[in-house]
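Each of the next two complexes has chain A plus one more chain, namely chain B in the first and chain C in the second.
On to the complex of A and B.
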């Protein structure tokens, strides 16, 4: 019992603060917003969380290694465009196209991983490059036209049910939870997760301990890419139409969610559940602000303040940890 | 005697044209503790990196347990039982003790799922065997440096180590941790593990090693039996010349010298508690104590680098408010950090740029820097301090530790600081350059500068100080005039813990 309490104190503090903040935020909007506390609003909060959620879960792995992946936003769009174009123009079956969307994301992730681990490019620069490449590839593939996925009424409309049924039941939340659980297990119970933390904590020490750092770093960026592909499917299912050249900015929303959830940008610390909560804080803000008569552009401003607050909290926490250490 | 477990012969190593090792030799027997000594840059670290697979040799022969050895990476070395305990502990701070020990060779189910219960159990039995008590689930970052090192040694042993290399293992340890380490070393010795011990501390070498191999300028100088050799003989082999330094026996400060700095009741929770002292003109005031006694923290509080909670500072009898390094510099205080590379010099700037870093205002007009004046003054101080640099445009990165230290001194002299705080002035500086720094400090004191010197080397404190202040756990536990001071007296004060504490 003591052990559990201690664990909460040292590791889960920010997670609990984040969860508290999420509940408070939702309650506050429910009290002060007009008609905020409805099923429809909840479903739109979910809708806004699926694709950002996948992006954020994937990039959590990268951030724990001390890296960053700025390409996920445009990679998500690019892979959706590739899948959609193959469906519309090449007549491939939809299930295969959805699979290809994930695959394309994985390929971009692999490219990022190779650039960062083998070619020693700084992650910021490598993924910034990939961000632009993916944006360009998307425009080329779609010939600068928008790509439309099948409507709900069409025979292939079944894929929309993965995230929301015809009678507005948010099935997507279960999909997101399922992948969150998978990611939690990956991060905490498998070799991949152990090396993710090890690399973020001290890459050189991991290397000298005989860990194949290059390989695992590549794997981590691939995970981020694969999740960006998943996000592409979620985006297509939710919004049907994909515009070429879009997607920039989503990576920052996702990273904001990760940071708010308590994952440290300096690496070594982080959790997928925190990210899950962080993403929902962002979505509640995004959907909720108009209900209290604040225009959407205030959302950007407030998002910024929330992120800065979260990072301050992180700094304060690690400072406190250090001072405790001196005493012991 | 039996055949050696390890034989390194005529090892050479070149780094893009620079010969780091010219002709290095080393042999090692089972159950032997073998000291490897030499000035910085003598090639000890390079030789050990070759032994442990971090670097590959350019030439020569390594024989390990009768077979020739070609290691391609650290993992291969580990698998053969050759382990290095690094000076800067290479730990993954956010991971637990057990996770650190078994990183890279986790217990796995189906090759993918971690079995953490198993590694915890194995860590536990490992600690039991070594007679140490550490919780395998504890996060490494929460342990003291001494405990972290024990974990690293346990990790080495779990690799079935035949050879363990210790690279300056005691640099950051307290007295009791050092004793614990030595107990473990003799334990390992009985088990037949061969150990290479790199250290600058002669008394430790005499205490625990069987033989000493000396290197100089990348070359093998010789190997001697520790018990047949004196400290001076070893030092002479290291530097190739006789070093002569007299310890101070009497204070050189005049009776009526002015008090330039007076600190009263300086408190900074939780590291400094109610510290008061005064510093006189031309005095070298030594601060002795163990790691973590709060000396650096006190110095940083006085310099304004960290915010103090309580206390007053008087400069030349006048009460001053110092809440930032800027205030301290304005009051003529200069701070020479123990961690030069991080806090002392900007390694990617030139000697000249570093020299005027604090006093740039004096050399600029309307925001434009008068590079002519900068050049002149930095050259003048290079000559005064005998800084060895091809020109003042040389990047500080390319200077040796001793010369970097001189650049920092120049910086404060140009700023006209008359109170200089030296925090571990000779850490990471080789024996030859050390005595030059000592001479320089004495000259500065004669010029009327006042010096606070924090040092963990008792011999250094006894050699340099006019007066010695000893700290323990954040308190000043005693003050000794140099003529009454000796190692025993200082150690007694340095371990004078509070009875109620």
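On to the complex of A and C.
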């Protein structure tokens, strides 16, 4: 409890701004949007947040270490395709396929981790490669055909209830919150989190003080991959059909959410709760803008401006913090 | 030492290249070859096109090589594929261009190499006179009109009360085939409604808007800012959330899927019997399910098998020096009642 209070004092400002912006946005769309303020719309905002949320939470760890993971979007699609193909063509039970989806994500994460930590590839390049590899693997596995998961009416439709029940109750928000809590604990209470921050603040210092940087960096990329797998399940449950060769661009949306939530791309600073809020800011924008009858090109424009604004605000704020410290 | 190594490896490359080019090409077989470049295999639509092309190849005794890029956004990859196909010096090439302007160079190159080019599906619209031998494609404008006709028959009775709204979800406003399906629908619907003595406003996107405000009936077009499931669903849901909506049209598989997903996120659902009349385009597992459950009134399907077959047929005509004209491969209306019939079933894909 004390920790939480302490947290609010030290890093709270940023999250406050983000949370305030989120509430303000939602309120503004509710006032100006045509029929925006309904339970159904709220459920859609949740729907749009599950998969991006998982991607963003996972990649938050990587970004805190000062790295980047560009592969998460296509890894998400690839793992969902592998799971769906095994379900449709090999007749494996659905629960096993869902498990395999997470596993496939983890394997891609492990590969990223090894390339970055042991083979010393720059994260940007390594994960860019994995992005293409995952896209290719997905197409190969599915024989370049779309993969359809069971529909709600079918006996195996239960997996859809993980994210939304038949009478439209958004169970997924609790799943997302649960994983957010797990990630918060991982990041703030365990050795994984400590070393994540240590590597991000100063990799060399971490290594010299006896941290097995290679190992923990690999673990961090694996976390990102596993969350991409989770995102794959969320995507399948929400949209049912998965197209091979898709998924590029989602990683950037997730990273935008992370950055809007106050995690610094230069590493060492970041929070999962911030990411959670950031993802919702992006989703409220995405779902809300059409409700104020804006044409699509303006929607993209405004989203871009918000991302730039959020980062500018963050830079300005952290500069101010630093300058205060020097004076005192 | 270093030089020696380089010379050896250069020699090796030359020899290898010599062997490869010697074996390549169709000098060794007398069978004629048709290179077919599709838009990709992402949608099962293209599987059906390939099926038709393979069948025609068998029937007409030509060798078919059917390729396509990984996704429908991969314009550059497709242009490379077209160039590769030309370099193989086939007897004819069939192209369904992702982007007309990007493919023009390649099309001109084929022309200067005397390789006839046949357009299929959306073909190569806007290609200069004489570069394209003929096209085998769906008349998308007509197909859009068909969707409007069928929807109008279902909503005719509802037009009299209040100021009803008709929603249209269109994947994009750039691609020729999808724009034409949207445009054909809009024009037909507008004229049908006008024939009942009512005025029509078309709103929602500058490209399609008709500039009339406050018409008796409003046609509202939603186009997602990005082509992905989330944005598609949001666009459809914005329409479904409008209380005065009486009907909704999705002009391709993506748009129909967006409507279905958006509807499933609304408590109780908005579309179906006695509710908002939904009309789709093409097929796919979700859409077929929605039609069987009568959530969708029906959809327009193209004839992908015939597109593939006719394209190869045109290619054979071209290589034999015969003349030919563009072929409309047709479109069909299907509902829960005829979905399993012999004429419709082969045209649908999961």
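The rule we apply is simple: the second predicted complex is superposed on the first by the 316 of 328 C-alpha atoms of A that agree within 3 Å, B and C clash if a C-alpha of one lies under 4 Å from a C-alpha of the other, contacts with A are read in each partner's own complex, and residues count from 1 in each chain.
One rule holds in what follows: contacts are C-beta pairs under 8 Å (C-beta built on N, C-alpha and C of every residue); 3 or more make two chains touch, one makes a residue touch a chain.
Since the structure is predicted, the reported quantities are computational estimates derived from the model, not experimental observations.
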Fit-or-clash call for chain B and chain C when the two complexes are aligned on chain A: fit
Touching partner for A:211 - first (chain B), second (chain C), both, neither: first
Partner chain in contact with A:167 - chain B first, chain C second, else both or neither: second
First (chain B), second (chain C), both or neither touched by A:295: second
Partner chain in contact with A:16 - chain B first, chain C second, else both or neither: neither
Comparison of chain B and chain C by chain A residues contacted: C
Contacts of A:34 with chain B and chain C, given as first, second, both or neither: second
Partner chain(s) touched by A:99 [first = chain B, second = chain C, both, neither]: neither
Nearest-approach distance, in Å, of chain C Cα atoms to those of chain B in the combined model: 24
Where chain A meets both chain C and chain B, residue numbers: none
Partner chain A, residues of chain C touching it in the complex: 40-44, 47, 70-71, 74, 204-206, 222-226, 228-231, 233-235, 237-238, 241-243, 257, 261-262, 264-267, 284-286, 289, 293, 350
In the complex with chain C, residue positions of chain A that touch it: 34-35, 38-41, 43-44, 47-48, 135-136, 139, 144-146, 148, 151-153, 164, 167-168, 235, 238-241, 243-246, 249-250, 286-287, 290-291, 293, 295-297, 299-300
Parts of chain A lying in touch with chain B, wherever the complex brings them together: 3, 10, 189-191, 193-194, 197-198, 200-202, 204-211, 268-269, 321, 323-328
In the complex with chain A, residue positions of chain B that touch it: 54, 73-75, 78-79, 86, 90-95, 99, 103-106, 108, 111-114, 137, 139, 141-142, 144, 270-271, 292
